[in-house]
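Chain lettering (A, B, C and D) follows the sequence in which the chains are written, and residue indices restart at 1 in each chain.
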Amino acid sequence: MLEELKLSVYEANMELPRRGLITYTWGNVSGIDREKGLFVIKPSGVDYDKLKPEDMVVMDLDGNQVEGELNPSSDTATHLELYRAFDKIGGIVHTHSPMATSWAQAGRALPCYGTTHADYFYGEIPCARNLTQEEIDEGYEKNTGTVIIETFQGLDPMHVPAVLCKNHGPFTWGTDAANAVHNAVVLEEIAKMNLMTELLNPAVKPAPQSMQDKHFMRKHGPDAYYGQKK
Amino acid sequence: MLEELKLSVYEANMELPRRGLITYTWGNVSGIDREKGLFVIKPSGVDYDKLKPEDMVVMDLDGNQVEGELNPSSDTATHLELYRAFDKIGGIVHTHSPMATSWAQAGRALPCYGTTHADYFYGEIPCARNLTQEEIDEGYEKNTGTVIIETFQGLDPMHVPAVLCKNHGPFTWGTDAANAVHNAVVLEEIAKMNLMTELLNPAVKPAPQSMQDKHFMRKHGPDAYYGQKK
Amino acid sequence: MLEELKLSVYEANMELPRRGLITYTWGNVSGIDREKGLFVIKPSGVDYDKLKPEDMVVMDLDGNQVEGELNPSSDTATHLELYRAFDKIGGIVHTHSPMATSWAQAGRALPCYGTTHADYFYGEIPCARNLTQEEIDEGYEKNTGTVIIETFQGLDPMHVPAVLCKNHGPFTWGTDAANAVHNAVVLEEIAKMNLMTELLNPAVKPAPQSMQDKHFMRKHGPDAYYGQKK
Amino acid sequence: MLEELKLSVYEANMELPRRGLITYTWGNVSGIDREKGLFVIKPSGVDYDKLKPEDMVVMDLDGNQVEGELNPSSDTATHLELYRAFDKIGGIVHTHSPMATSWAQAGRALPCYGTTHADYFYGEIPCARNLTQEEIDEGYEKNTGTVIIETFQGLDPMHVPAVLCKNHGPFTWGTDAANAVHNAVVLEEIAKMNLMTELLNPAVKPAPQSMQDKHFMRKHGPDAYYGQKK
């Protein structure tokens, strides 16, 4: 069942260590089949070098495990909340990639300091608040998703396909699992560059809005002209 | 004698250069057989690419070399003290891994700024004080252990399986040699992230206690649910 | 047509990921045949591991695509402006290499702090200003070139073969495509070292002019004596 | 002539890119045969991947090229001065390794913040002053050596086998070419760690003298006990 999706989610998971975003098992990728209402996610705590496509776990949008013998990622409830609330996203990634996690630990949104950021993210990448004790006790992973959704009130998740969870780390998403991983790689790169930028100029301001508009739109707007015609 | 333990200690040593924690011969791993009261440790100053399982040295808990033609690690007396004082640990690692060593050189305990830390270490990782001139003269390596033990008064070494020795570098431990290396890798990663975190937010505070409890307990508590059932 | 130039521009493009200057497709290299008045440039948004020499696009100096089925790099109009204004340059590179881009995001010229810099760049590497809204609307990529040219009034582009575009990233150039890539590698290295230098000494001053003269001239002056006779 | 020395100097040169100390041709290693009064050095500006043992150039201690068809390193006169003044050194290395060069650019001596440093260098690693205009004009490379020698008045070059040349980069030396490269690797590692240390604790003080004595002496003193008996 969903063999093609499992394979693409497996491949997207394997891209994380190749891109240097992962230490040990600290991350997970999922992808969704919107028509069937099912998503596929990495099993919990399995080493990347032992992972196989058939290990992927199939979940429905009520949180039931539909297929797979292994436990799904411990963050599955977060993925579920995001798929339910953000209806255009097709894949989700969570990592503890070091530079993005450092911003999350610092409790800071990632400002847009340049075109590398604006080519992918339209405006700053927000930092979601800590969960309350009650939210942790009631359902830590589910409420991690709830707080992300709260953070995106008034924001288009397809315009800003990433969030930093305070004292935790980043989640990214995208049109599918591979695209969500792509955004995780970009996030890590700009998180690194933006720290260096602030060290070089503590008074630095975000890039001019005109420049942010131009770069986001030339790649993602209705008249996008970056890349090849499809 | 102890062929299986020698092989696992050899493998754990070889993991150090693979994980980028080691320059030249700056590190050593040991593992203990608690029933026999013997531990196995890397020989001193041997290049990792020439190291063989049979080079591992066997020591008893009185500090006698029981087997092996090479000198044991110059830090053997430190390992011995820790095995005697911390009766649940099964393996010990010492490295000069650059980020953890930088915290040790700065003389600072490593605060818990996020879940990456809390998944492995319950609370801050302490920095042990310098040895006095007398302690150095009397037995430098033995007293390095003594000062670590002093530092852990009131702390459970299995809850905080690492220490930073001031102006020196880290020791980590774990259930066995491989697990101690795992903790050394995690320590290096959080030491890097926590420096970046402070550069991004000099006024940063530790992660909320509720979050530290949640993450440590979901992996190590009686109701742990991370990973696969064993 | 221009098979040799296409091959050398292809090779120069492929050197970018090998040297760690590129994430995904974030960069482009071109090279020019001054006699024919044609330049060859990477196509837009094509993965480096799928790129082939025959994919290179041939442009004339009026901005017409003379050969090639793929769209040229979205930055082609910038390359065009530079080839027209700087008549001694034979190759151009644009990247988002992280350290140089951090200086660009900080809006700062790169000072000459040492001989590594002075061996390649004579004096500081300037940071070009932001484009105005009007310049963006009128022709973003063309005017990126115009602003670089404005920045080099009074400067010899062969003495300072690089620029940082504010909130964007670096362009470098050179005698040909390979030499322009060489300069991009050097720029990234000195951008890294100069940040570290400032962290170590916030009051640091540029290297003495006498030293800058000596190093630039022993490699590039009329009596250069570095390397082998040619 | 001197085939064995040429081979060892060649091997030592090739170790520089393997250890990540070198970009392009920015470095050189030499080794001396004290009995014959001849030293062997890398040719100038030759790519490491084209270098062959037979390319090594043989020089005498009056600065005459005794063998080899290629020009010797442009820094040969510096090596010559050091071999003449420091009669126990058997090999010399110059690099622009990024972290050590950053300290040199900052014009700062490298303090001893820990045992990694004290295991190899006894006390701080000095930063040699800039050359005067006259010294540059009279003989830049020779006087680079003269100023290093001036810097070591009262210091034993075998106790501190490294120097930082202001606004330039490091030289290291050792018992032979391989040992000099070993010291260059260590220097780069402690240069990195010491910057991080200062970022973590701007008020950090050098390691206690008792600890520096202990670590230098257990490896290099008359009663050294690190490593295996020889």
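Criterion: contacts are C-beta pairs under 8 Å (C-beta built on N, C-alpha and C of every residue); 3 or more make two chains touch, one makes a residue touch a chain.
Protein names from UniProt, one per chain: A, B, C, D = L-ribulose-5-phosphate 4-epimerase.
What you see is a predicted model; the values in this text were computed from it and never measured.
Residues touching across the subunit B-subunit D interface largely differ between the two copies, under half of the numbers being common to both. Distance from subunit A peaks, on a Cα-centroid basis, for D. Distance between subunit B and subunit C, defined via averaged C-alpha coordinates, is recorded as 46 Å. Between subunit A and subunit B the centroid-to-centroid distance comes to 33 Å (mean Cα coordinates, whole Å). Looking at subunit B, one finds that residues 198-199 touch two or more other chains.
Across the assembly, chains come into contact as A-B, A-C, B-D, C-D.
Residues of subunit D that touch subunit B in their complex: 113-116, 182, 185-186, 189, 192-194, 196-201, 204, 207-208, 210-211, 214, 218, 225-229.
Per the touch definition, subunit B reaches subunit D in the complex via residues 23-26, 43-46, 70-71, 74, 96, 98-99, 101-108, 130-133, 136, 140, 167-169, 195, 198-199.
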